[in-house]
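In the two complexes below, chain A is the common chain; its partner is chain B in one and chain C in the other.
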Partner chain A sequence: MKPFSYFCPATVDEAIQGYGEAQETRFIGGGTNLLDLMKMGVERPAHLIDIGRLPLMKISPHGDGVRIGALISNTDAANHELIRTRYPVLTEAILAGASPQLRNMATMGGNLLQRTRCYYFYDPSYQECNKRTPGSGCAAIDGYNRIHAVLGQSPQCIAVHPSDMCVALTALDAVVQVKGPHGERSINMTEFHRLPGDTPQVETNLQSGELITAIDLPSIPYGKQSHYLKIRDRHSYAFALVSVAVVLDADEDGTMRHVRIALGGVAHKPWRATKAEKALTGEKADKKTLRAAAEEELADAHGYEHNSFKIELAKRAIVRAVTTVVGGQQNG
Partner chain B sequence: MDDLIGQPLDRIDGRVKVTGRAVYAYEHDVPNAAYAVMVVSSIANGRIASMDTRAAEQAQGVLLVITHQNSLKVPGAQNQSKTSPPGHAVQALQDDVVYYANQPIGVVVAETFADAIAGAQLVQVTYAPQPPQMDLESRLADAYAPDKAGGGGDPAASHRGDVQAGMAEAKKSIDYVYRTPFEVHNPMEPHATIAVWNAPDRLTIYDATQGVFSDRGRVASVFGLPPENVRVISPYLGGGFGSKGPVWSHVILAAMAAKQAKRPVKLAVTRPQMFGMLGCRSETRQAIAMGAKSDGAITALRDDTVSHTSMFGEFVEAASLPARMLYQSPNNSTSQRLVRSNIGQPSYMRAPGEASGTYGLEAAMDEMAYALKMDPVEFRLKNYAETDPEENKPWSSKSLRECYLQGAKHFGWSKRPLEPRSMQDGNALIGWGMATSVYPTRRSVSNASARLNVDGTFSVDAGTQDLGTGTYTIMTQVAAEAFGVDAKQVRFRLGDTILPQTPVSGGSQTAASTGSAVHLASQALREKLIQMAIRDARSPLSGLGAQDVILNKGRLYARSNPARGETFRELILRSGQPHVEAKAEAKPGAEKDHYSMYAFGAQFAEARVDADLGQIKVSRMVGCFGAGRILNAKTARSQFLGGMIWGISMALYEYAAVDKRLGRWVNNNLAEYHVPVNADIGKIEAIWVDEKDDHVNPIGAKGIGEIGITGAAAAIANAVFHATGKRVRDLPITLDKVML
Partner chain C sequence: MDDQESKPALQVSRREFVEVAVVSGLAAGVPAAAQTPEIKPRIVNCTFTINKQKQELQIDPRVTLLDLLREHLKLTGTKKGCDHGQCGACTVLVDGRRINSCLTLAIMQNGREITTIEGLAAGSQLHPMQTAFIEHDGFQCGYCTPGQVCSAVALLDEVKAGAPSAVTPRMGEIRPIELSDDEIRERMSGNICRCGAYEGIVAAVREAAGRRRV
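Coming up: the complex of A and B.
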């Protein structure tokens, strides 16, 4: 990989000041994604700022909700008392991802910013990739596209965001706290990642040099009625083909007062299933209603040579995940 | 020490491995070594138009960049090699032609590994590309018939009886195409080579190889050296599965780089580079037709298999071989054809031919059993071949019937409803399937030596390799049993061409070949020691007949009176010799002319399939094998289980994903190239039938490294059908194929 300089600041402000030229600098958290990309030559930073010693390693109550420091490891977040008891869907989602070794290293901030596993993005010896080299084309559209997007993609890019954690955060309406050269701000999880459009190289609404400091989870009284369903090619250590995070508030008779659904593995960002949510709110969770809501959510979906199955799979996954929660089989 | 052979002795090399002290190829400490990293092609067909190496050459730490423009010319690189797949050639930067993606096209040599990697990324290549050829289906018309098929040199086609007449006679018939995908070996230890030129014409190679002697021969021929001037050292391997059998380009390039850089060179193949230049299991297309009478007797069987070979060499994925000999089908025809594709040379991968072939054949057998409404085990028993129907020879031994019965009993097969989709548990559809396993028993010439040392311990040597399978352990057991000593008293050395010559560790032949040589050498030394004792007036055993002396518990003593005897140390000290040695060569005899020699088995699997989401789990599996004498119950079990688990992989997970436009395998890393993880493996058991075979070889071992994978994928595919009622005929059975 390309030689780089290394700086390990002690404070958030030092980290932000040290950032310098955006193209050339990267923060490094656990390094489980960044280092792989550097070895492949996809990321070629000249400067690395190791944020591993920054004091962003606390999980604590925050208002009615919970704040998770950006440098908390995925393992620690998943296993924390406050998360396990109030937001078990987040625990499930994190533990469904990667392997214990990776989760021990991976940070919350890094997980938010992990990049797509599209084969053609991951290996610079492929010439076409609008995400890596804007304007070069998309090799996946006519290539091998089994793991690619069916919702919200563009002719420029059909990559998916691979994170499990982010799907749960999206369903939970988390808020990302950032600090940059121009101060602090909050970004709603649903606004954090972007659809590819004509600029697939711009993956989030984070500005250059901004550091993620924390993730805030709002209070959700019914947070325990939830489930993360991950469908993948093997039973562990594989990215989601399709995943569903469901958090809902159902009456004794099964009528759903509040429904939050997010999908993973189908789009360039975690996909908040607002159409399905609307169709289900106030309804009873019978198979027919669920199927109709899922149909509605996926109505605009579009597949390619190898991934069209994801459309039907996503529908069935929504039905299964909601049924599981209403049936009281998960996290109840 | 009676019956040390067969005991579940712990691995002799276990402790050094788990404590990190076993030194693998790349880890040998060689002073002044430079580091080499290969530059590989990103196109699959065409020519290199230009290579700009200036930036790389000026990069930090870079010593040398080798391309076809400045490479050492090694005309021997194009030589045919008997020890590699026939016609196999390495790509040693001798010209500008690109035959496949990931072909080596340059080498960057630098002071550190990091410098070499960074330098390699700076080499600018432009190509004159041609459209790659990688599709099988659209080019069937171009397929040609090779001369031979498979590692045993079998004919490429076979015929007996009249298939057409047999089909006409059939009450039920089936005719389907079964497909298996490209697979890439991916041993845990990527290939690596260190090359050290000790003199302009003397070379030492530390290599991750399954054949130190074939490695030596090939390297010597490429560089025009006498074989004795090349020494190959390979004490430990992190798996090979066939990929470390042939000598691939990187070995030659390491030696070339060392010569050109005038430094010892360490070259590691990176994980993404392992997809192409180191062999693969070819995709196969198996067209299988079968006819049977209503009582289940097969009247005709036809298997026409097509697979890929490279543009520059020939290797046949001989999937039709099991269809020739497994069942008593009177009218039988098989054929193998090849298409040339822009891929690296397909080659041997664990049970080449049989692994893919038992999938097609045994899935077809299952389909026929359903057509006949017969139990799949019963259908196989009905067509049981009492002798080899193709060769008309008796089997050296065959316990397949016992395997069916014991395996079925162990699994609980008798409770199986015949109807598909008749067992369910919540969202999971449950199915049971079975299939037959088969793998030929082979051996080659092998040598070994055995020595009694002055301290009373034994040293046994053979050049052979331990892929991680247990060679160290079983050879030690074979020798220790002959001497009647504890395994700790025997030191077995391997993995070096200064040791007695042995064959490649492939085709499950190491136990049979080198095990027999170790057995013979140890027996010869044993005889020598007995003679020394009984002929020495100073020995308490003086004057006894050889048959009256027993070697046990570290002593030689009289059969009639165990107190009359002496230790090995006493014996050798008195002799005044520094050591006593015996050598032996074991070679195949006439057994092959008289017998057909195979290991057989039966596999049973339970699959749970999510009715809506298609996710499949093999919740239970039983394999029962008849594989000759089992030398170590523990390492044998591991081999069977490892094979069965690879079968699960083949059935459900594993494939190199092809981008046909580019001629590339896109999932070239272990995150995306899926093999099973722990969570994928349910309850899995390997059992075996005690089998005594006096014909196969002196120790009666059949070889167990490969049989476990054969039949496994079919058993699972058949279980998935039984669960869902849906027949998937192309592997792997991913969830999208069963859910839709």
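Coming up: the complex of A and C.
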């Protein structure tokens, strides 16, 4: 591992000042992604700022919603009473990811910024990767691409965002609070991550040196009618092939007044399924309507040699997840 | 945990940090394209309480907690399986919580209390979880076992505290956890056993939890 300087600030301002203009600086939260990538030689920071002791470790009511400090561990967020009772889909999504040990280490901010698990990105012995080396090409397009994207990808990159947590945050319309050298700002979850386009190396709309300080969840009165469905190769401790977060408000007779759906494992960012949401709002959740909405959402999907199965899988997952919530069978 | 006080930050002052950041002279003889500012590895002082013993150590910031334990302190009970967070062999307890020691820098745990498999027994009296693993053949080669046992010890505390898992029904309702075998399997899923001793592991955890097969 390349040598680096280490700095463990006590305050947010010290952390931001410490970052300075340095190109090769990284914040380190839990370290479960960054350290892994440093061992692989994908990340080679010259300066590490350990933000693990910053006073950003509270979960508290915020207006009608809830604010989660960026340094809260994934475990503590999932377990917190405010999250479990108001946004159980977030608890479900977090607990569906990684392992208890990793969730104890992983932070909310770090989870938002975890990098893709594309094999070619992760292994620098492959020279082609437009994320690692812009302009070098994409080894996945003609390579082994079973875990890759079917929606919103570009000829430059077909990687997916691997987070479970972020799929639930997207369905919940969370807002990411950041602070940087030029002050504070808020970024809507749906605007936080980017599609690859011609610049797959730019994965989020966070600016260099900006620190994530908190994640805000808006009030959603029907937040308990929700479910996170994760489909993967083994039952636990595996990344999603496809996942769906659903939060909806349904009448007793099954008519859906409000519908929020986000997909994971299919795109470079958590995919808000706005077409399906529109098709379902005001409708009854019968099989035919659900299938048609899922078809519409995936209409522009495009698969590669090994991942075309994701298109049908995503459709069925949408149908199943919505059916589960409308039927009152969810875990929440 | 939500009101957790932030502990005092590590004593690498900002001045020192900047100093390190400036040690970036150009290495002589290196072709221009390959010249990146060079950071000299620097040794930092840390204090840990490891298995109840206070240790003051000087370490390279690049050392993981796992390598500190195994290579520097010769506490080789903790195992290195994958070194990438994928197997759980390196599981230890930090302030009572289980983590993968391969994916954290030792320096990040400065000031904390670390318990390894060597620290579970009280003298010659094995920890009840260790006894249960022996009684139920919770291993074959034993390589994953220290991680499994540490993980299982933390699991019982998590269940006692009411923490849900991915298979907990109705996790939006706050209520005690029913530790079924499915719950044990899910909660132990961060520890892989290449020998496939899972039956015995589940039985051991079930017994240590004082439960019958559910």
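Keep this in mind: the second predicted complex is superposed on the first by the 328 of 332 C-alpha atoms of A that agree within 3 Å, B and C clash if a C-alpha of one lies under 4 Å from a C-alpha of the other, contacts with A are read in each partner's own complex, and residues count from 1 in each chain.
In this text, contacts are C-beta pairs under 8 Å (C-beta built on N, C-alpha and C of every residue); 3 or more make two chains touch, one makes a residue touch a chain.
All values reported here derive from a predicted model rather than from experimental measurement.
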item	value
Contacts of A:3 with chain B and chain C, given as first, second, both or neither	both
Touching partner for A:12 - first (chain B), second (chain C), both, neither	neither
Partner chain in contact with A:311 - chain B first, chain C second, else both or neither	neither
Partner chain in contact with A:231 - chain B first, chain C second, else both or neither	first
Contacts of A:58 with chain B and chain C, given as first, second, both or neither	second
A:141 touches, of chain B and chain C: first, second, both or neither?	neither
Of chain C and chain B, partner touching more chain A residues	C
Touching partner for A:39 - first (chain B), second (chain C), both, neither	both
Chain B versus chain C as contact partner of A:241, first or second or both or neither	first
Which of chain B and chain C A:120 touches, first, second, both or neither	first
Footprint overlap on chain A, comparing chain B with chain C	1-3, 39, 235-237
Sites on chain B touched by chain A in the complex	42, 60, 114, 117-118, 121, 272, 427, 612-615, 617, 652-653, 657-659, 661-662, 666-669, 671-672, 674, 676-680, 734-736, 739-740
Contacting residues of chain C [partner chain A, same complex]	1-4, 6-10, 12, 14, 17, 20-21, 24, 36-42, 44, 61-62, 64, 83-85, 88, 91, 97-100, 103-105, 107-108, 110, 151, 154-155, 158, 161-166, 168-174, 185-187, 189-192
Touching residues (chain side chain A, partner chain C) in the complex	1-10, 14, 17-18, 22, 28, 30-32, 35-36, 39, 46-48, 50, 52-55, 57-60, 72-73, 75-76, 78-81, 84-85, 88, 91-92, 95-96, 98-102, 104-105, 224, 235-237, 331-332
Chain B partner contacts - residues on chain A that touch it in the complex	1-3, 39-41, 117, 119-120, 122-123, 125-127, 139, 142-144, 146-147, 231, 233-239, 241, 309, 312-313, 316-317, 319-320
